[in-house]
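The same subunit A turns up in both complexes below, where it pairs with subunit B and then with subunit C.
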Partner chain A sequence: MAYEPTYQSPQFHGGDGMVTPSGSIESQQGRCTLDEPVTETIMRDLRSIGMKLKYVMLPRAREDKGQGLREWDLWGPLVLCLALGIMLSMHAEQASLAFGLVFIIVWVGSGIVTINALLLKGKISFFQSVCVLGYCIFPLVIAAFCSLMLNVIWLKVIFVTIGFTWATGASVNFMSELLPEDRKALGVYPVWLFYVAIAWLILIS
Partner chain B sequence: MALPPNWTKYTTDDGKEYYHNSVANKTQWEKPDWSEGPESGSFHSQSSEVYRPTVSDLDLQERATGTAQMVPLSGEEARGGKLATEADTVSLREAPRGVMDSAGGGPPPGPQSQGSFLGFGSMLASAAAGSEEGAAGVQGWAGSMLAYGQQLFDVSSEDVLKRLKLALVPFQGQEDAANDFRTRPDFYGPFWVATTAVLFLAATGNFARLLELEDEQLFKSDFSLVSVAASMIYGLLVAVPLAARLGLYCSGQSVDCINFKQVICVFGYSLTPLIPMSVICLVPMGFLRWLAVCVGLVTSLAFIYGTLSTDLAVEAPSLKWKVLGLFCCAHAIIFMTYRIYFFHSI
Partner chain C sequence: MPTAEPASFDAVSMSPDVPRGGAQGGNAEASQNRLVQMLQTAAHPATCVFHAAFKIVVLLIYIYGRYIHSAYVSTFILCTIFAALDFWTVKNISGRLLVGLRWWNLVKDDGSSEWVFESNPDEGSLNATDRSIFWGVTYVWPVLWAVFLFMNILNFSLDWVLLNIMIFVFAGTNLAGYWKCSTDAKKRATQWVQSEGMRAVAGAMGFA
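On to the complex of A and B.
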């Protein structure tokens, strides 16, 4: 007869909630998300995207350095990138090249800027940084929309400049906070270059 | 009550307790005495705790062998892991292999880095310090690649500014600048100078076409300039050092005799004159544009010659002129293509 130790069944105290005996997972707010209708799930994501877009537009984004974008998602940047690509390629001669260029510059560009900050020993998480850079394109998207309506070149320049300063405000603060002291300029310059490239694309079309 | 190692307590159906030794295969009714430990086959000490070597043990060992190593290494630690200059070349050349070895096996714990400081010299120390700081939380091959990349980006803002100024006005402070590129090449400058150059070339090409048209409404932007500029600059940035390496290999010499990180770094920084030159070329005067292109080309070549010629003469004297000639051709391609293709009307 063997001596068998007795042990208690382990209690799972995970990050988001506890596994209840019924098998459904409770979220932090106490709702049961598996049983809700599909429209409610979609609306929740859309509301979160809308909240983040509003957050980017407010001046508060510049002060607290992008903390409202802590829970990252990539749907918002995708929607903004598609909107920008469609707007810029609508009247262009080389429509497919323009659309492809917008896509490449937004996604590959934000990825490269993030990898650059990581290589400079910055303490950032990859996807949160891509999310912040993507959401901060929103002022430039608005500027592109306005310049699509008008054809006067000086108004276009003014709108794009305002959009560019607004976009760089929040994201530069976010990026410079997470870099070591002697390298802040090295990490911030690619962010600036990223938004200059997008602003140039908007001006050219 | 604790039992000696390998002893287990069992209970019979009647409720009596007996003890069994799994190693010696012995069963007895009496509770085993601690003095029976060594005979029952365990070779640990009397205490049942596992022996864990601590850093102080390594300290004592190293102090026994010699204290001369401690002084420069503690200074190393005080400077945050940066090494003395003569050790830098060694660590930079060998660090990639060191990083792959040390960080490939998982995250290095704290005492191990101190152990590496004391035991294995500067190579693993720099790799471990770099991988610990930067790759914390990133495991395995991604962590080791990140640590390797972080060594290539190990510059501060002043360093980069100094190198950019040198690339634009290459006639000052040649010797220590050449040493600087040899001991601490970085890839931040080459990559971002190349990217900025691509953007500026495409932007100025398009803008110049806009200025040349009388009617602004007729302007159709030419996005193909971006792809041409990008493929030209990035392609040459990668292809020229590769071609030099191939030339070395074909000529039978050892491929490692030229420091290719230094070559890529210098070539990347030599693209800096493209940026002010492209801004000057916005002015629609043919003569001014040709002048700007020639001045830019001469500046780039002077910078390359100043920083690389002495090193190439030492490392691969037979190939020095061939490698320099290769750089000349690459730069001539970039500048001439820009001047002729990007600006249709002179």
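On to the complex of A and C.
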């Protein structure tokens, strides 16, 4: 899942005829990942996840259209989805239903939103889009956590609304950038709907 | 590091620590020793252990949570966490160290992405134990979860089907990625299939 910097190594050749790249692989950071120690690999991936989470929370995400999330990885969405599922199923009567619902909505939902964007002839990479949608759940997860701590209904509404606006703001810019002009609204509406669904799940739990 | 090929190593048998009849204690002891001996011929014994360890933990948690003490949410969470850790370990660590293969996704500057599969032209010179353990476990794991998935579909337990699908996707992705990387694995696999086929035909003719 994690993106690895490539390395030009004299011992290996890439590809096997079925897949495009072969031969010259540019070394992006000049590091050899083949023999690197395990701790180095772990820290690299952890740092990448942390950077992306921070990036989602900053307002800068709105200006540069989500460029910091370009090197996608699906760890963030997985962890956030698990965290959200745990929080929402803690006080639910049917815990397994709540958990399964969160899981399905997050993954199937982001899949459908991405496919919708692809069908609108957007220039989107599938996994990158799922990554952005997943990472942008982070504000909603924080809102869910806060509303779990304080069980006052109107505070919950405020938190979830703030989380929802934040999440939608961060991801809508990314989506609309990659869609053709006349179809922006068609592509952006499902994103909004996706976050509404999650916000609604948080509110009714 | 010793690289001698153990004489009686079967590339596909993956549970050397299962006692094979006879006195339980004595055989368990013997198979423990076999396991240790096998690991001693490996070039990266710790990696071999981790390659299988997370998978064994996932399997144990699943069996416990599904059949013994039914608990959906905690089993799902723990299995997911360990399956994800296993996926990461196989993709980033054990593939690289045990068989020298890598695969990843490259995002180019214009935003398009492509999958890169690095193959190892030198695969014959890898440690045989490493290679057998890596490929044996990588082949068996998705098959196991396909079986569980099928069983749960027949039972209509759709909540467990969700978990099975997820772990199967993890397992299958790694298998597909490394399959594409390895010309050698393809060759060996076709040879194995052919030899099994020949054996089946010979057996049928011999008994006919």
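Odds and ends about this structure:
What we mean here is this: the second predicted complex is superposed on the first by the 178 of 205 C-alpha atoms of A that agree within 3 Å, B and C clash if a C-alpha of one lies under 4 Å from a C-alpha of the other, contacts with A are read in each partner's own complex, and residues count from 1 in each chain.
Keep in mind that, in the parts below, a residue touches a chain if its C-beta (ideal position, glycine included) is under 8 Å from a C-beta of that chain, and two chains touch if they have at least 3 such contacts.
The structure displayed is predicted, hence computed values, not measured ones.
Counting the residues of subunit A touched by each of subunit B and subunit C gives the higher count for C. Within the superposed three-chain model, A:W72 lies in touch with subunit C and out of touch with subunit B [touch as defined at top].
With both structures placed on the common chain, the touch criterion links A:S48 to neither subunit B nor subunit C.
Applying the stated contact rule after C-alpha superposition, one finds that A:L186 touches subunit B and leaves subunit C untouched. Of the two partner chains placed by superposition, only subunit B is touched by A:S205; subunit C is not.
Of the two partner chains, neither subunit B nor subunit C is touched by A:N173.
Residue overlap on subunit A between the subunit B contacts of one complex and the subunit C contacts of the other covers 1-3. Residue ranges on subunit C touching subunit A, taken from their complex, read 72-73, 76-77, 80-81, 84, 87-88, 91-93, 96, 100, 102, 104-107, 111-122, 159, 162, 180-181, 183. Remark: subunit B residues 8-13, 133-134, 146, 149-150, 152-153, 155-158, 160, 188, 192, 195-196, 199, 203, 206, 216-217, 220-224, 226-227 touch subunit A in the complex. Residue ranges on subunit A touching subunit C, taken from their complex, read 1-4, 6, 11-16, 18-21, 25, 33-34, 38, 41, 45, 70-72, 75, 78, 82, 85-86, 89, 95-96, 99-100, 103-104, 123, 125, 127-128, 178.
Listing the residues of subunit A that touch subunit B in their complex gives 1-3, 92-94, 97-98, 101, 116, 118-121, 151, 153, 182-186, 189-190, 193, 196-197, 200, 204-205.
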